[in-house]
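Read from first to last, the chains carry the letters A, B, C, D, E and F; within each, the first residue is number 1.
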Amino acid sequence: MFMHNKELLFPVNVKGPNPAFAAAVLEQFGGANGELKACLQYFAHSFTTKDPVIRDLLLDISTEEISHLEMVGECITQLMGGTDVDPNVMGSGEQTMRQEGATMGNANGYLNQIINQNSTVQKSVYLGGHGPDFIDSSGTPFTGNYINTVGDLMADLQSDLAAELRARKVYEELHRHVTDPGAREMFDFLVQREEAHALLFKEAIERVADMQGGGFEKSFGDKQYSKLYPELSMGGSASQMFRSDDARIITGPFTGDPDTDTFGGASPPMQ
Amino acid sequence: MFMHNKELLFPVNVKGPNPAFAAAVLEQFGGANGELKACLQYFAHSFTTKDPVIRDLLLDISTEEISHLEMVGECITQLMGGTDVDPNVMGSGEQTMRQEGATMGNANGYLNQIINQNSTVQKSVYLGGHGPDFIDSSGTPFTGNYINTVGDLMADLQSDLAAELRARKVYEELHRHVTDPGAREMFDFLVQREEAHALLFKEAIERVADMQGGGFEKSFGDKQYSKLYPELSMGGSASQMFRSDDARIITGPFTGDPDTDTFGGASPPMQ
Amino acid sequence: MFMHNKELLFPVNVKGPNPAFAAAVLEQFGGANGELKACLQYFAHSFTTKDPVIRDLLLDISTEEISHLEMVGECITQLMGGTDVDPNVMGSGEQTMRQEGATMGNANGYLNQIINQNSTVQKSVYLGGHGPDFIDSSGTPFTGNYINTVGDLMADLQSDLAAELRARKVYEELHRHVTDPGAREMFDFLVQREEAHALLFKEAIERVADMQGGGFEKSFGDKQYSKLYPELSMGGSASQMFRSDDARIITGPFTGDPDTDTFGGASPPMQ
Amino acid sequence: MFMHNKELLFPVNVKGPNPAFAAAVLEQFGGANGELKACLQYFAHSFTTKDPVIRDLLLDISTEEISHLEMVGECITQLMGGTDVDPNVMGSGEQTMRQEGATMGNANGYLNQIINQNSTVQKSVYLGGHGPDFIDSSGTPFTGNYINTVGDLMADLQSDLAAELRARKVYEELHRHVTDPGAREMFDFLVQREEAHALLFKEAIERVADMQGGGFEKSFGDKQYSKLYPELSMGGSASQMFRSDDARIITGPFTGDPDTDTFGGASPPMQ
Amino acid sequence: MFMHNKELLFPVNVKGPNPAFAAAVLEQFGGANGELKACLQYFAHSFTTKDPVIRDLLLDISTEEISHLEMVGECITQLMGGTDVDPNVMGSGEQTMRQEGATMGNANGYLNQIINQNSTVQKSVYLGGHGPDFIDSSGTPFTGNYINTVGDLMADLQSDLAAELRARKVYEELHRHVTDPGAREMFDFLVQREEAHALLFKEAIERVADMQGGGFEKSFGDKQYSKLYPELSMGGSASQMFRSDDARIITGPFTGDPDTDTFGGASPPMQ
Amino acid sequence: MFMHNKELLFPVNVKGPNPAFAAAVLEQFGGANGELKACLQYFAHSFTTKDPVIRDLLLDISTEEISHLEMVGECITQLMGGTDVDPNVMGSGEQTMRQEGATMGNANGYLNQIINQNSTVQKSVYLGGHGPDFIDSSGTPFTGNYINTVGDLMADLQSDLAAELRARKVYEELHRHVTDPGAREMFDFLVQREEAHALLFKEAIERVADMQGGGFEKSFGDKQYSKLYPELSMGGSASQMFRSDDARIITGPFTGDPDTDTFGGASPPMQ
């Protein structure tokens, strides 16, 4: 079970409203490599993981990711300029920041100026009421398709490692393009945390490889058709670089007859 | 921020594996009225809610919903028959239940029998590794489109109330059709909790109505075009039932001229 | 069966072309709270509604919503600047308004200026040929996922009421941000009609509550687990506000044993 | 504007409940080639069509399609076995047909038997309350992506013609596989109507071709790169069949130099 | 099987970076009428086509379309300004064009300027690393729903013809709005190729019509309900234009009794 | 550019029709870890990869994957029982296998029996005309969301490695559950090829790590917040296992003050 504390995991203090920045940050709220995706992916993996230590690791990190999601949502809300002041008055129009010391000022004017230009700002203002919605930076809804899971521990952990590296890259790009100092402070923290997670998943992969006696690569590549290099795109040199010494190059159709296929590519079948 | 405790909010003890039941229960894991949807909807609303009491309520209930999600996921995993026994052996084939006392027995045979028939079981076995995935009972992925949010407190709370009533109905149907006693015990608990949430949202709506001096209906219906009953589907008597005494019936195009339109329907314009 | 009259339900007279405004208005053509969603939701509910009066009401309102959809589509077409003049010449380039008195003038220049900035305008121009498409303001396609239906009359009507309140809010925001007087006149009319529908659905809910002897809340909350307040997000006071006198506060896992669970929260289990 | 008459365009009298058939028929309610798609596609085209006769044709057929949608929805509702008898009792369980003379009988038993097997039945029962939902036969939600529109009259009408042929094929397959006589009578009627529409769109295409002085093909194919046959898949004879006398065969990269490219394929560049 | 040659089918030489243009061109990479859709649609049709000549034609054109996809992807990459210079340095920041002679220069400055305005640029920069992604111009992901296939040769070929006409229209619009000369040269080439494909599909349709003894229209329209014109949208004259001499006009519900229905519309049933 | 040879990369000889198996195999045609996803992901990565050797590798493997897609499509078509015999006769009903020696026999009877049970078979028969469609085993359409790409070479290659491991697992499950010997022979071949690809991507990752002077892990984890272990899920021992010696454990909110935060978790802030 989960419990919640209204303090954020790490404080978020945006300096001023900027809906276009808010739209960009949505990428990590409801986007393909965002915090919800990460949280749910590790959560899903925890159900099918028998090893108690790795299961614990998955839940530790999943729980941190949902806390990141909350930080990102708070960042977006502040960048949006906050919601209507008075909950009793629908559409009161006036906008202020929830964080002290930062007021929207001409936020409405700013909104009216930007609103014609950035379609995600349009949608966020009309639909989300100036708060975060489960969409990405271009307004595409979050989808369960983002979550990579097949129930094989090694494959799932490799998917988790890759997810962390992608998330880190997106934060790096946000740090490059979103110039609000408060938002950048948050991105900096989150880049570091995704790095921490990537290293933990790497250790978990090594642990599983040890348990399996050498990693997934041990049983790989020792069958007939797994030794051949696919030289199917002409005009490059990857086959020289990556083909192991005993691997043959194949360029055309296999016959399905193992005796013939071991010589695959000897005579290029595609004329 | 969130914290997690590996104890479930309420214990889940499925009596035996049944992948087709598991497929049905996916409806509440990744479906349109499921726990993830509920959790994320109230979470999103919390960012744009200024009233601290209602904001607290939203986060209390959202946190309970993610704990429900975990219960539902555990239920699905048990119904799927559990994952491969040995994390070191990819596809070891043998299946056991994580819960003591319940063994898969002929689960593999069962899987092979059912697998051709229920396409969601097919997908869950191949893709999800016998664990929960963020899809619904027909294999459709979860989507952020399920979440209803416009940033208006009354509209959002009414959406939350409606969400609870729909979720309750789905659990009721699951209770009717999924016969595993352990699963039914869980559905029974969850029906009660959704009822509790529905009542809390109803109180919150009343609180907002009080703050607004009478609810949304107070300011509604006092403008010219909001008084007219749309008699556009012929062959019924709803207009007699629902039309207030001073409301006119309109059946055809408005002219856009208020003086004429107040007599809308006097002469049926559609012949 | 349906019949159509080429007159609009209410006249639409946009004053000048403005593709960015058109993109915004798409929200109510193909968006999550738009007219197509409303029309189809009530239409779907009508099939499973046995009460003839409420069935008639659902069809009356559904039929009005599709007439609203047509108005919104006409508004978008006018704001887009109209289509190619001459159907014989593919891509003739020149643009005029279908409504008399409003000419596109420099619409092409305007289009070329705005086209790089608003991605929904890009898509609408390239894909939709300057007409409405079933997408929302950010270019996301309409989806059946927008439609809330579970086949329980009370739950469905509450969903319909919530849908009207959300639609009303979106029109209010459009009225605030889209400054074309002709479009605003239409929004004003539609806000009033959504209010009328909201009130009608409220009456229908009361009718069903009467038939059920007190509303859904009557049978709610009288079971063991439906009385407890979920105090799971720390740092707020909602439990004081919303907890009824005899309701206990629960903060940690239930045991599943009713005798113990009635004391839920007596000793906080989560440390 | 639209008006509705509670009589169906053509009577629908299903002989007995059969949820699996209902799931199949959903294909034409919310599926890729279904009635909603057809209705919305022609409706969208009507906004950008300047020719008043073709605009009228589009609206005549669109209006018929929404009436088809209603018939298909009624057919599904009857095949589902109808909804709960008593609107006052949520989940009353007993099932009857709305059509006189056809009673569900053991429909609940039937539902419980089929429910584990067909995942769309699962979803329809849990979500849709035994009524139609905007999904296809495999539970995939309807999407605006089904609608083909680019705002060019010839391209749009060709898309409409193709849509009618696809819809006709699906009804033909339903007629082959869904054996309920009442449903088959409806499919037979709808096949005939889609044929009627296909012929009307064919006439409209000829009318536009005449207006354009000979059809889209007139200005086609008279430019340098539009004369060449793409011989890119080896092992067939289509180039002999379809290459016009003066068309060259191209098999490899163009140089971008018109003088050279007219000899494209003279020396096959891909070895 | 497929083989690849790193030379493009037709050279692509964009003159300068312009991310907003890149976002527009994404329409033909991952959009509803783009190259991937065309390639996959004809590829899918080839599996169910028994006629060897038409099967060859489908694969010839499908193979050309994937080569078009590659050109469009290269165009987008060049317009994005290219990727990081040094693959060893994640986020090196500096940008150059892969094509000689065209340098990004102030591309980063340009990116930072445009990035707040066009949400698809935002997403492409953050997610796609300045390369093409399988989304359309508004950031909507590619979907298999774009592919029209029912396994009936005539219906499928008509769908293919319509697809080519739509693709041609989109390239024409891109040619009108994207002013980079290198991109326009590519659009010009692709318009011509889509024309060539449209003509080939037209010939294939004629071939099938010949095989079927006169085209799909031969067996159409000779049944009772396929002769009637649907006069359901009032206020137009299409029925005069398109109704054949012996066709009756129907305006209201059929009785289902053939004798009566042949007189459909004699007495207008909808009042 | 691409070229195609009508010979398959590896021969596919299904022994008998079995539509339910066909539905299962769709997972690798249009599913989340299928061949189209793999092909398009590596293809997308090739555009943003500057290193010519790795770019060549990506295109070699991408080209092999589209050839796999063709094999999988052929396998599905054979399992579906083939299309109508005579392309001139729409819906001729009779079914034969394209592969010699295998005839459908009672395939129609079989189809009618299975058709009510597996909703993906329903959809494939009605929509796809007994051929492959770009959907997965539960009928969900293929989506560009399956493709993981961020334009960072290390992150992208790790995503590619993970994709191969997931694809391998799905083929392993298909091999376990789909018993047709011809299909199993194909799965066996494809498992081996995905292993070959996994090993090649692993080598490519090492090459990039060498170029970067030690892999992504070198620059990771040396910043303040990247050293801390997130002990947020109570009841496990992962922190003992994975926490490096100098890493602190954090359990509660950070202050944002680096001096305080290095002591994170010293006093557990969440009570």
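The definition used in the following text is that contacts are C-beta pairs under 8 Å (C-beta built on N, C-alpha and C of every residue); 3 or more make two chains touch, one makes a residue touch a chain.
Just so we're clear, the structure is a prediction, and the values are computed from it rather than from any experiment.
S.K.: Regarding the chain C and chain E pair, does the interface count as same (over half of residue numbers shared) or different (under half shared)?
M.R.: Chain C vs chain E: different; shared/all numbers falls short of half.
S.K.: So which chain is the furthest away from chain E, centre to centre on CA atoms?
M.R.: Here the answer is chain B, farthest from chain E.
S.K.: Based only on mean CA positions, could you tell me how far chain E sits from chain F in angstrom?
M.R.: Result: the chain centres lie 26 Å from each other.
S.K.: If you average the CA atoms of chain B and of chain C, how many Å lie between those two points?
M.R.: From the centre of chain B to the centre of chain C is 17 Å.
S.K.: Please output the residue numbers of chain C that touch at least 2 other chains, ranges allowed.
M.R.: 1-9, 32-33, 54, 56, 59-60, 62-63, 67, 90-91, 117-120, 127, 129, 135, 138-141, 143, 145, 150-152, 154, 169-170, 216, 232-236, 252-253, 270
S.K.: If you look only at chain F, which of its residues touch chain D in the complex?
M.R.: 1-7, 90-91, 93, 111-112, 115-120, 122-123, 125-127, 129, 135, 138-141
S.K.: Any idea which chain B residues touch chain A in the complex?
M.R.: Residue positions touching the partner: 1-9, 30, 36, 40, 43-45, 47-51, 54, 56, 59, 62-63, 66-67, 70, 73-74, 76-77, 83-91, 98, 127-135, 141-145, 147, 149-154, 156, 208, 211-213.
S.K.: If you look only at chain B, which of its residues touch chain D in the complex?
M.R.: Per the stated touch rule, the residues are 20-21, 23-24, 27, 31-33, 114, 117-121, 136-140, 169-170, 172-174, 176-177, 232-236, 251-253, 270.
S.K.: Chain E touches which residues of chain D in the complex?
M.R.: 3, 5, 7-11, 32-33, 52-57, 59-64, 67, 143, 145-146, 148, 150-152, 154-155, 158-159, 161-162, 165-166, 168-170, 185, 189, 192-193, 195-196, 198-200, 202-204, 207, 216-217, 220-221, 223-233, 235-239, 241-242, 252-256, 269-270
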